[in-house]
Each structure stands twice: as structure tokens, then as C-alpha cells.
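Think of it as A, B, C and D in the order they're written, each chain with its own count starting at 1.
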Amino acid sequence: MPGVPSACSADSGAEVGGEIAAEKEQSFEALESILRQHQRSPASLIEVLNLAQETYRYLSDDLLRHVARNLELPFSQVFGTASFYHLFCFKAPARHSCTVCTGTACSVIGADRLVEALEQELGIRLGRSKADGSIGLGSVRCLGTCGAAPLVVIDGLVAKQQTVASVLEAVRSLRL
Amino acid sequence: MTPPAPLCLRCCTSAGCLASGAAELREALQRTVSRLELADRVEIRGVGCLGPCSQGALLAVDPDGVIFAGVRAEDAAGLIAALVHRSVLEATDGQWRPLAWTPATGERLDTRRPFFAHQRRVVLENCGLIDPERIEAAIERGAYDQLRRAVQDLSPVQVVETIRCSGLRGRGGAGYPTGLKWATVAKMPGDHKVVVCNADEGDPGAFMDRSVLEGDPHRVLEGMAIAAFAVGASRGFLYIRAEYTLAISNLRRAIEQANRHRLLGQSLFDSGFDFSVELRVGAGAYVCGEETALIHSIEGKRGTPRPRPPYPAEQGVGGLPTLINNVETFANVVPILREGADWYAAIGTTSSKGTKVFSLTGHVRWGGLLEVPMGTSLSMIVEEMGGGAPEGFTIKAVQTGGPSGGCVPASELDTAVDYASLQALGTIMGSGGMVVMDHTTDMVGIAAFFMEFCRDESCGKCVPCRAGTVQLHGLLQKHLAGDATAEDLAQLEALCHMVKDTSLCGLGQSAPKPVLSTLRFFRDEYVARLKPVAAPSTGVAP
Amino acid sequence: MSVSTLMIDGHEVAMAAGATLLAAAREVGITIPTLCHLEGLSPVAACRLCLVEIEGSGKLEPACITPVLEGMVVRTDTSRLQDYRRTVIELLFTEGNHVCAVCVANGHCELQDRAVDVGMDHSRLPYRYPDRPVDLSHHLFGLDHNRCILCTRCVRVCDEVEGAHVWDVGWRGEHCRIISGLNQPWGEVDSCTNCGKCVQVCPTGALFHKGDTAEEKHDDSSQLVALVRARQARQVAP
Amino acid sequence: MNCNLASSTAGKLRLATVWLAGCSGCHMSFLDLDEWLIDLADRVDMVFSPVASDIKDYPQDVDLCLVEGGVANSDNLELILQVRERTRTLVSFGDCAITANVPGLRNRLEGAEPVLRRGYLELADGNGVVPHAPGIVPELLPRVLPLHEVVPVDLYLPGCPPSAARIRAFLEPLLRGELPAMEGAAMIRFG
């Protein structure tokens, strides 16, 4: 199954300053075709941001400025729109991602026990990444495969009917 | 002797079964068939959802029509061997024999079981039969014939009239009469109108739209095209949530194929009627299921709703008159045109016509996708078809309508599933998510779960929803911690009504519903936790 | 131009079609409380303070944006509306850090005035005490997010009147915050023309002139209304 | 809210004022009543007040108590529970009691420990130490709480401080056994 998008665990209130690793002047040419395809219309902003995150893994300041200039949109509108949506993130995601589905069906069958176990195991809160950038613990509301509840997605691969034991084993096997 | 009918192994490759290893199973079957050079006699076909997802991975064998559950890649060799052995026996004595085989760790499903027997597959008629990756498979089942008929033989008014007479109502949750909505957009002046398919399906625990889009994408595209012809629109958007990656890739391919076959695009069937569909992928925002928020998202903006009027029918995408309907609503259009409005109106109840697709999940033995006529009772769905709660557990309540719905207690399970009856119980039909809860479920906990969901998903524009959901969630946590007094309970109820009455859009207006519903049917669970008033609260404010 | 006649709290009033209920009420001397509304800016109906009851409709409608209709019967001051308005003000007070005593707008704040109107002598809801920043990077003005009620007047005036669109809303739900540029400090945003219109229209002590201290914010938006009317007149005149 | 203020023991109305997590500004404003205090003294018995009496323990059967300041530490908490028990009509006196106001600015630091660390260690000149003297220095509560989030409160008198005129307009009806009309900017404007 194509990789499941997991909300990279950037904090929702994260301050974005210039302190991201030195961003070499990128030309973001991978965005050129989609920008042309949509005739650089402001309405294509989210389509462009979706492709941008897929290609460059996260939305850096330079990338957002490049998109804003090409669509002739104010910086504040571009950032305001990007920060509205759960799946866009502004910091490099961790090397591994572990996303617990916290939808209704999964929660009713025990997703919160999985979250508690993972928070303890990784020593981070849900929605955060480990300081060393090895793994991010995220959540998603529902992937629509409730027959597989409770469900955890590790590095894009869906694991069904998870238990505390199976989840910890899967995370430990990543050898962070 | 005529050559035996070619065997077809229909392998469910929808997202649900893929999580159970369906892709590996399909490859193993293909490898075995090609190794034994049986490709001309045994077809391995990837199909959409076969129904009982909780029993995945699922495999159907034609022409036997039997379905196997819990099939794994390791079973592939055994299955092919059993098929070959049977055909050898049939070749010698010409006697038909049932297939003598069951998967190592799975089972053979008796398709006479209630889960299958009580279904009425109208929207899902092709789902699970055709290969969604090949447009030819859909065309063989009549795809785009109704569009051709509409464009060539009918007038837009006739199409709207047919939909109106069928009694079809919106499947997104509100149940607004579809014919009336189409007629409103059709009356709008101007020749640039837009048709939008709402595939945001943000309700957690709901996957009806995903299954239809993965299993039979052309059914929805054709429905959109017919609607566009009826209201005079030439441009279409299908807005789908980013989490449905398989549905997105199936749809992209389907749109490409339809364009190539000139079933979408310019001058369809050389009639001068143009209709192109653009796929728009969301990025994680439940509120974008609300019409005006969805429009803003299509326009590349923050998904915040706006006051109405003006309604989308008057001013929608880019200010143009816009028709917005749910995936399942569009999926009903083709059968209505093909079989006629009266045929459709004969299904369901007086006020809720046709069928409804549900995703049954939670503490139930047989969870999955099922389509039943409107008016079927909840107990039929949950206890008969779903097999009730697992061994040793009893059903306590069923949650319908997701975060904007409510709970139906076990005592009311004989309620018929239609818009009016569910509304009378203080919940809504919603998009079709149905989560079964057994007696281990804490109803105050469920109310807190849904309020936290609405708190996270509020767009933040209007005060009652942005700040109200935070306070309501705080009050619910205070109840869960056993810190709440009777005064807190009264404030919880009063604030629920305030947020419901004053919020700008459906999210805020419905956020209190799960609380009010659990208060109505499970008030004792709130009262049992209250603290006697004498003891002062020294707890920290939430 | 067609005219609609309607009843507001028992008073009969005739208004040009398309006029808002807010304007109609003002016509008969009835003031409906507002916060996010400001004449000269596009209405957003976000604070929900101006909701009124309309006979025959189960829903409450915002007066700032709902057009008058012939034969409407409107109630603007029922006990339910009074309680809901007080709850809106309490939600705003408890959502931010509105410490009036040490605020630059103390005594000149529209939120404070509305609190008096709705009779809030205390909040029935618990205070949240959020942790919010203060941006003093601009050489003339400051932005204190603790006092911000997200009415978005600043966003609208900067976009619709000045045209610089320095401001917008970032994030979502309770995490919403007014952002400048690419979520940069205000002083680094080079599209800002330093015109101060945002400070002028801010109803609370969120946006202020550097140098002002407690009780010294004296901004009123009449200048803006005059400016917008002048521009509209210019666009209409040949 | 019980407001039959006719003093239970036939004598004058038993009035008290208490001072929790506040700056005493409200009490100073109370003293700004100047000569009206003399008139007030005739009509009430000042049974407990940091500014008007030396009594150390809060008495029983108090008719009316003006409480300034929120609940910031264990002493405040202990005292307010006692006051509530022994008082008929409790008044949240001033913005600190009603909203925690300026003392409440520490509430954003989530808990007492970061406040003590910031105040006594990080800002100290190198050899600061967090005070720890049980029984002498009261423990800080995690947050400074408005009065009505701790005990039921009968009346609210906003202001920082409420002016002497507002205090007088508030007390006079109560002395006559009536409820003050708490409306309009003059009586309920914060700040």
C-alpha cells in the first residue's frame, strides 16, 4: 500500500526561526512542473505544498518563500494556510515515524494503552520527536481501515490489531 | 464438452485487507499460477471491499461464489493445487464438486450468513467484483452508459426531476434532498458552474467513501458528470482526504483513463457537453468536511467556514454557483437513472429512500462494510449482521454520526436506521460510521474523547467553538477525575447548549451532541462520579 | 431600491434591502454588542456576540452580517441572548491573559466595555492562563498576544485598506495566533508600511504604540471609517 | 446566596476583611473611605481585619467578609476554608480575588517548582537557595486560584483597586440588608 502520510511530530506552536540547519540555496525545481500545470494560480497553494512536502520532506522557510513568490501570495497567507493543516510540518521529521491511530474504533479497542506504552518507551509525549531525531511519535485521527483496529503505522507500514507487546517489539526492532 | 468456465480468484486489495497482507497473497497466487502455466484458466483479480474487513484478508472464488477469510500468502499454493485437483476430477466424470479447501489459519465464510444475506448492494454493486484499476472492467458493467443516455437522450430538467422523484437525500449526514439542491444550482444564472464531490470523510471510524472510491471509482466520476450535466456545470473537483493514499492513486488512474476514453473532458459523446474533474487532496483537517470550509480549501486557503447565506449553490468555488454532494450521494445517481426513480423510491422508508452504506466497527464480532435498505433496524445491523459483541461481552451502546452524532443505548437498538428516527434519539445518521461499544466502555470517557477531537479540529475562527470546546473538555476531564460537583454538571450542560446554539458552523454546533446524548441516556455515569458539595475543590483548575 | 420593513424589539423600522440587522437596530436606537465587527472592514461574524433571535427560525443569526428581510420579527435582548453574550465574554477573558490592571488599554478597551455591558462581575468559567509571547521587534509598535482575542480586525484592515497583508492567522483552534510575514518577528517584515492602522483598529491592548504604558492607549477607529468612505466615494464618482 | 444580613446576635453587623494573595491596595482603598470609616465603625463590629483589628484568629458568626487576593499558598487555603465556614456573606474583594490578577501571572509557569527555581536560583546571584521552612513559610500551590474556584462566593466587587466610592456604594445597601446593584462601569469595571 502506498506509504501512509504520518503527521510529522512538529509541535503545533513551534517557533520557526532561522536556526534550521544551514539551508543551501535550493532552486526547488521539482515544483516547477506543478506550478506551470496550475498556471501559478493562488488556488493551487495546497496542491503545491502537498507535492513540496512529499519531495522535500518538510516545508522550510526558503521553500515557503519560493512558493509564495511563485504564486504571488503574501508570506503570512502562505504560512497561515500551511500551519492550518495537520499533515504539513516545518521541521525535518525524525528518521523513523511511529503513528498511532487514535480514531474512534481504535480508541474504543485500546489505542490509549498503546500511546501510554510508547510514550514511556520512547520517553517523549505524543506529537513530539526524540531529541536525537531518531523517531517521532505521532497520531492520526483515522486511516479508514478500522477492521485492523487498533492500528499503528511504523515508517509508513500499517500494522494491524496491535498490542502493547507487539508495538514495543516493533519499535525496539528499529534499533534507534 | 464446452471448456469449463474460467476460474476467477477475486482478491480484496482495499486498504483494510492490505493491512492484513492482501498484496503478498495476490503476488503469491500470481507466481503460483504462472509457474504452473495456468494463466489462461485461472484469473487473479484485485478487487474492492468484499465486506467483512475484520475477517481480512478476504478472497472470493468464482464461479463458486464462496468467500474465504483470514487467507495468507502461504495458503496460495494449497488453494491452486485444490483447484487443479478439482478440475481434473470434473474433467473425468463431468460432476461439479464444491471446492474442498480451507485456509490454514482462516475459514470458509457461509455467504448465507446475515452479514451478507441482509445486504442490498446498490451503491456497492460493482465493488468487490471489478478490478478498479481497469476502466474496461467498469465499462463491461455498464459504466458511463447512463451518462451517455443523459447527455444524448435526456434534458437537464429531466435528470433533476428523476433525482427529485427518487427521494434521494444527501448521504453526507444532513440528509438534504438531493433533487432540491440540484434544482437550486440549475436555476442559477451563468454558464460557469462547479460540481464538487466531498470525499473528506473526516469522521473517525467511517470508511464507506474510501471503499467506494477504491473499489468503483468510475461510479462516482459518472455520478459527478451526470450531476454536472443536470446543473450546467463544466468543471468538477473531487476533494479527498490525504490519509486515503490508495483511493487517491486509484482515482488518479481512473480520471486519466476516463479522459483517454473521452468519457471525461471535452464534448462528451460529441454532444458539446464538457466536464473535467480535478482531484484535490486535503492535508489533515476534519473541518474541511464542512461545505464552505471545503470550498476555501479548494481555493488554496485556510479551511475556515463562513456564514451562510450566501449558500454554495449561489456562491461557491471562486464565487461560482457550486453543487456539493458526498461520495455516496453521487454513487446513487447511476442506479437511479438506470432503474428509474420509482424503483429507487420503493426501497427504504417513506421519508428516507434507498439504501445506506455503513462501516461497522468497535466491539463487534463481524466488523466491516455493509449496505442495507433505509429503515433496517440497528439491532439487525449490529446483532444479526455484526454478530453482536465478542464472546463474554454485551453491547452497551452504538455510536453513530461520529463527533457530530450521538449514542444509541442497547435498549433502543430496535430503532430503524433513517434520518428521522435517529434524529429523534438525539443523534444523526451522519456519514455512516457505526461504532459498537460493550459494557467495558466508559460513556463519560467517550464524551471526553469526542470533545477532545472537536477541540483539536476546531478551525479557531469563532469564539464559542474555539474556546468553548476547550472549557467543555476541561469540565469532562474534571468529571473523569472525580473532581466535579453538581454545579459543574449543570455548567457542563448549560455550556453545551450555548456552544450548540451560537457556533458559526456545523462542527461547533454538533460538538456538544455526544455529551448531550450520553447525558440523556447515561446520566447516572456522570452523577455517580460527582463529589459531595461540602468538600471544597482544591484541585488545580483544568 | 426596494425597502424592507421589519420589527425589532417591538419597534417598526424600514431599511434599504441588503442592510444588516445591526444597522436596522441602530436606526431605532437599539445597540447590539459587537467586537469583531468594524464599519469599513468586511464582516466575519466570528465573535458571535451580536446574535439575535428571529421569529420562525430556530437558529440565532449574527446581526452584523444578516440582511434585513420584509416582515422579519427580531428580538435582540432576550434572557437567553444575555446569558450567551456573557458566556462569549467569559470565554474570551478566560482564553487569554486579560490582566486589566496593568494593561495599556485599561479604561479604553472594547472587551472591558462589553464585559460591563453583559454584567460580568466575575467569570463563571475557570481561567486558562495560557503561555503567550509578546513581540516588541517593531520600532514603533508592539503586539501582546496575551491581550489578543483573534477578532482579525488587524488582518482585515492590513489586507483590505492598506493592502500590505502583513498579518494573517496561523495554526488552528485554540493554537490560533496572529502571525506577521512568514511567522517572523514583526520588525523583520519588510512589506509592513508602518502605517499603524492595525494598532488603530485593535479593540484591546494587543496592538499598541511603544512608549504607552498602563491606561494610555487612546486609539479610535473613526479615522479609518472616514478613510474608507472617502475611498468608496472616489470609486463611485466619475 | 444568603443575604439576610441582620446580625445573628441582635447587635451590630459583624464585619471582617481578610488579605490573601493581594498587594493590600484594596485594603488601602478601603482606608480611603476616610471619615466615612467613623460612620461605618458606629454601625458595624470590626471582628477581624489586618488593618482594623489585632485579633489573630478568625472569629465565628461573621456576617460579612471582604476577602482581598487569590489563593496562592497553603496558608491562604487554610484561612479561606475557615473564613467560608464561619462567614454568612463572603465577598470577592478586588480583581486579585476574582481573577488572580497580577499574582496569577505565575500561573503560566505550570506549577510552583519552576516559579521557585526562577525566583530563588536562576535570578539569584549564584548562591540562592529555595526556601523550605515547613510551618513558617507556607508551601506555594501549583497555581494562584481565584476565590470562587476554591469556595462558593456570594458577591463580587471588581476593581484594582475598587475605588473608595465604589466600596461605599457597595457597603451601604448591605448595611441596610439590601443587595447592591452590581451593574454599570462604575460598579463592575475591572482594572
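Heads up, the rule we're going with is that contacts are C-beta pairs under 8 Å (C-beta built on N, C-alpha and C of every residue); 3 or more make two chains touch, one makes a residue touch a chain.
None of these values were measured; they are calculated from a predicted model.
Across the two candidate interfaces, A-B and A-C, the one carrying more C-beta contacts is A-B. Taking the CA centroid of chain B as reference, the farthest chain centroid is that of D. Distance from the chain A centre to the chain B centre is 25 Å, each centre being the mean of its Cα atoms. Inter-chain spacing, taken between the CA centroids of chain C and chain D, is 34 Å. Note: centroid distance chain B to chain D, computed from Cα atoms, is 58 Å.
Looking at chain D, one finds that residues 143, 149 touch two or more other chains.
Residue positions of chain C touching 2 or more other chains, listed in rising order: 126-127, 169, 171-172, 175. Multi-chain contact residues of chain B (touching two or more other chains): 285, 302, 457, 459, 541. Across the complex, chain C is touched by residues 285, 302, 306-307, 455-464, 466-471, 474, 491, 494-495, 498, 501-504, 541-542 of chain B.
By the touch criterion stated above, chain C contacts chain B in their complex at residues 44-49, 51, 59-60, 62, 65, 80, 83-84, 87-88, 91-92, 94-95, 124-128, 149-150, 169, 171-176.
Of all residues in chain B, only 15-16, 18-20, 23, 52-56, 201-207, 210, 242-246, 248-249, 280-286, 297-304, 318, 359, 361-363, 367-368, 399, 402, 433, 435, 437, 441, 446, 449-450, 453, 457, 459 touch chain A in the complex they form. The touching residues of chain A, counted against chain B in their complex, run 1-5, 7, 42-47, 49-50, 71, 77, 80-81, 84-88, 102-105, 107-109, 140-149, 151, 158-160. Listing the residues of chain A that touch chain C in their complex gives 12-13, 15-16, 61, 64-65, 68, 74-80, 83-84.
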